[in-house]
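All chains are identified by letter, namely A, B, C, D, E and F, in their written order; residue positions are counted from 1 within each chain.
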Amino acid sequence: MDNINESRFERGTRALAEIDGAGGQKVVDSLADIAPDFARYIIEFPFGDIYSRPGLDLRSREIATIAALTALGNATPQLKVHIQAGLNVGLSRDEIVETIIQMAVYAGFPAALNGLFAARDVFQEKHSLAA
Amino acid sequence: MDNINESRFERGTRALAEIDGAGGQKVVDSLADIAPDFARYIIEFPFGDIYSRPGLDLRSREIATIAALTALGNATPQLKVHIQAGLNVGLSRDEIVETIIQMAVYAGFPAALNGLFAARDVFQEKHSLAA
Amino acid sequence: MDNINESRFERGTRALAEIDGAGGQKVVDSLADIAPDFARYIIEFPFGDIYSRPGLDLRSREIATIAALTALGNATPQLKVHIQAGLNVGLSRDEIVETIIQMAVYAGFPAALNGLFAARDVFQEKHSLAA
Amino acid sequence: MDNINESRFERGTRALAEIDGAGGQKVVDSLADIAPDFARYIIEFPFGDIYSRPGLDLRSREIATIAALTALGNATPQLKVHIQAGLNVGLSRDEIVETIIQMAVYAGFPAALNGLFAARDVFQEKHSLAA
Amino acid sequence: MDNINESRFERGTRALAEIDGAGGQKVVDSLADIAPDFARYIIEFPFGDIYSRPGLDLRSREIATIAALTALGNATPQLKVHIQAGLNVGLSRDEIVETIIQMAVYAGFPAALNGLFAARDVFQEKHSLAA
Amino acid sequence: MDNINESRFERGTRALAEIDGAGGQKVVDSLADIAPDFARYIIEFPFGDIYSRPGLDLRSREIATIAALTALGNATPQLKVHIQAGLNVGLSRDEIVETIIQMAVYAGFPAALNGLFAARDVFQEKHSLAA
């Protein structure tokens, strides 16, 4: 890999560590045997390019991600990582719960309910499984 | 309608006016001939119950809604109303654009692209059509 | 086409005419130049096989279809055809509106709202465009 | 909580018990430590407001819900609760199976297949886990 | 069942065996007690009608199916069956991984990530569970 | 922008031109006033990183994209761009139609039907609107 890609990679590695903590690294490691390039893309694009952009603070970015993953309802492991990430960047448990409850309006009560169960798991276990 | 429901209704009416402005009232009016009870539910539950809750400020609530509707990708009129609502409660155009761009990570580039086109429409026209 | 396929085809043609009326035939016709085999499949599988099954009356089948298409929110032309189909098989406007309103609980308020607007269009125009 | 909210709450509690039985109460209880207000909303809005409306009988309402949750395919615990609810309000196993099979047409064969597996679980276990 | 349906059924049975192998038959068997007609439909329509069509080779058909199920993200058992099916009809592990990675662009990184985890399971276990 | 990012950008620009032709450039241009950085990301990540990967030929990549966008059903402008892109990289109209028809199995008949209508539009107009 060349210098400049390393630079996106390095910036993404720092952002991933700051935001997702151990959960992010676990995801990256879990891809080593199946798609190591995809692990690199996760670091470079979402974290190196997007989360590193100025113009929206990390708390707001995690609210956006928790909202979207709750609404989509088909990526529970990633939702859990980002509920933990929300705590990591300074969201309170209440703010996370409020964000998830609000999704009942836009994606239905089952989506919000399953989001709340994911939050309970994260709050209880304080560790999570995927990106 | 009884007193206390009116109280949710009144609280919701104030919240709807503050957040969605003219766009919200248009939606309510548009339901008069097909499902007036549903117009009342929109005022009472999303606005009277949810957006009126303490624990998450309106700017954060609109980021969550813009993120979710961009990610779901099947409710463009409502996304436009909430892009306008985001401006109404103090989000900058840049913050809205950042929120939508971030959805490329969670729902794909077409979802983000269509969200950006919705934002461009709202920024240009400064009026929108649904809740 | 051989006898027995014709039998599914004939049964499906009758069911399509009974349920979707002119709207169904329009869809079949509209496929003539792009995918005529798919038009045959529509007649044979959904209508010849599924809607022709005993065990659930057509009113209940149309409630199920209107509910699902409202919840999915990405097939408005087909939702309109089935709102008309609901009227054709004996559902009242109120029953259709109730079904759509209920989807706010399972797929969110925007999905229900867009479903209600589709119903208003069908009730006003009394003709529709796709299957 | 004031009188009139109690009235929606009481009406919703009765509807929840009639429709979802033990499954509904389990969901409400499971929210006690994470989002008790959301438990109240589930009772008040879906059950107190929507399922309590005249204009569509409970059998038809459960057909609509089973259809929608099968089609969405991302809320299996809630689908199971409503398959049990369908039995509670008088749907036969055959009517439930017919509703789910029909979803192959509108949401694809995997959605219908996973819905059928959910139904088999409920029919075998006769108890379910979420709302 | 009559002759001609048997002919679709026989053609579908051959296609199912060729494509899905043991995984497909398991699905069919698993439906025996809940919806045997739906097992027949799976054989007749997807396999007897669609996969048996000329005009697109089976390798391309499995790429299409793996792409769609990864993007939808709510049918993991069926995705696994079709990752195995892809191997059965001659796709390399790399081609399957490339198809899944590409879905990050169209359905987001979590969808691609969960698809890759499904592929790793299939590659490791070499057996799968549903259609 | 530095050398290496230009290199991804240049590679992506070539891939975009080869695959999407005029349709791709239109999308990039359309973002100039709302989110020019996102236009750059489209060129760099989907086209510079993903479509430029060896291991899957462009015909197969377009089959995957057409399948996914048909199944998701909420990004018609992008589906049209990629139906045109399929033609650009050597898919026949029949192969595109077969891919779309197959989606009836995985995402339902309405998704396939709307995909076929998108294909008919592209085949007739020979120009398209978004990425």
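Heads up, the rule we're going with is that contacts are C-beta pairs under 8 Å (C-beta built on N, C-alpha and C of every residue); 3 or more make two chains touch, one makes a residue touch a chain.
Here the structure is a predicted model, which is why all the values come from computation and not from measurement.
> Spelling it out: a chain qualifies if it touches chain C and also touches chain D; which chains qualify?
Intersection of chain C and chain D contact lists gives A, B, E, F.
> Please identify the chain with the largest separation between its CA centroid and the CA centroid of chain B.
Chain E.
> Identify, among C-E, A-B or A-F, the interface equivalent of C-D, where equivalent means over half of the contact pairs coincide by residue number.
A-B
> How many degrees of rotation bring the Cα atoms of chain C onto the matching Cα atoms of chain E, given to the nearest 5?
Rotation angle between the two copies comes out at 180 degrees.
> Does the chain A and chain D pair touch with the same residues on each side or with different residues, judged by whether over half of the numbers are shared?
Chain A and chain D contact each other through largely non-matching residue numbers.
> With chain centres set to the mean of the C-alpha atoms, which chain is at the far end from chain D?
Chain centre farthest from chain D's centre: F.
> Per the definition at the top, count C-beta pairs in contact and tell me whether D-E or B-E has more.
Answer by contact count: D-E.
> Starting from the mean Cα coordinates of chain B and chain D, work out the distance between those two points in Å.
Roughly 27 Å separates the two chain centres.
> Between chain A and chain E, what is the gap in Å from one C-alpha centre to the other?
Centres of chain A and chain E (C-alpha means) sit 30 Å apart.
> Per the centroid of Cα atoms for each chain, what is the distance between chain E and chain F, given in Å?
Centre-to-centre distance between chain E and chain F: 24 Å.
> Out of chain B, which residues touch more than one other chain, so two or more?
In chain B, the residues touching two or more other chains are 37, 41, 45-46, 53, 69, 71-75, 78, 97, 101, 103-111.
> Viewed as a graph of touching chains, is the assembly arranged as a line, ring, star, complete set, or other?
complete
> Okay, in this complex, where on chain D does chain C touch?
45-46, 50-51, 53, 55-56, 59-61, 63-72, 75, 78, 94-95, 97-99, 101-107
> Using the touch rule from the top, collect the residues of chain E that touch chain D in their complex.
27, 30-31, 33-35, 37-38, 41-42, 45-46, 69, 72-75, 77-78, 130-131
> Could you pull out which chain F residues touch chain D in their complex?
Going by the criterion above, the answer is residues 71, 103-111.
> Mind listing the chain B positions that touch chain D in their complex?
Listed in rising order, the residues are 2-5, 7-8, 37, 41, 45, 49, 53.
> Which residues of chain D touch chain E in the complex?
Of all residues in chain D, those touching chain E are 72-74, 97, 100-101, 104, 108-114, 116-117, 119-120, 123.
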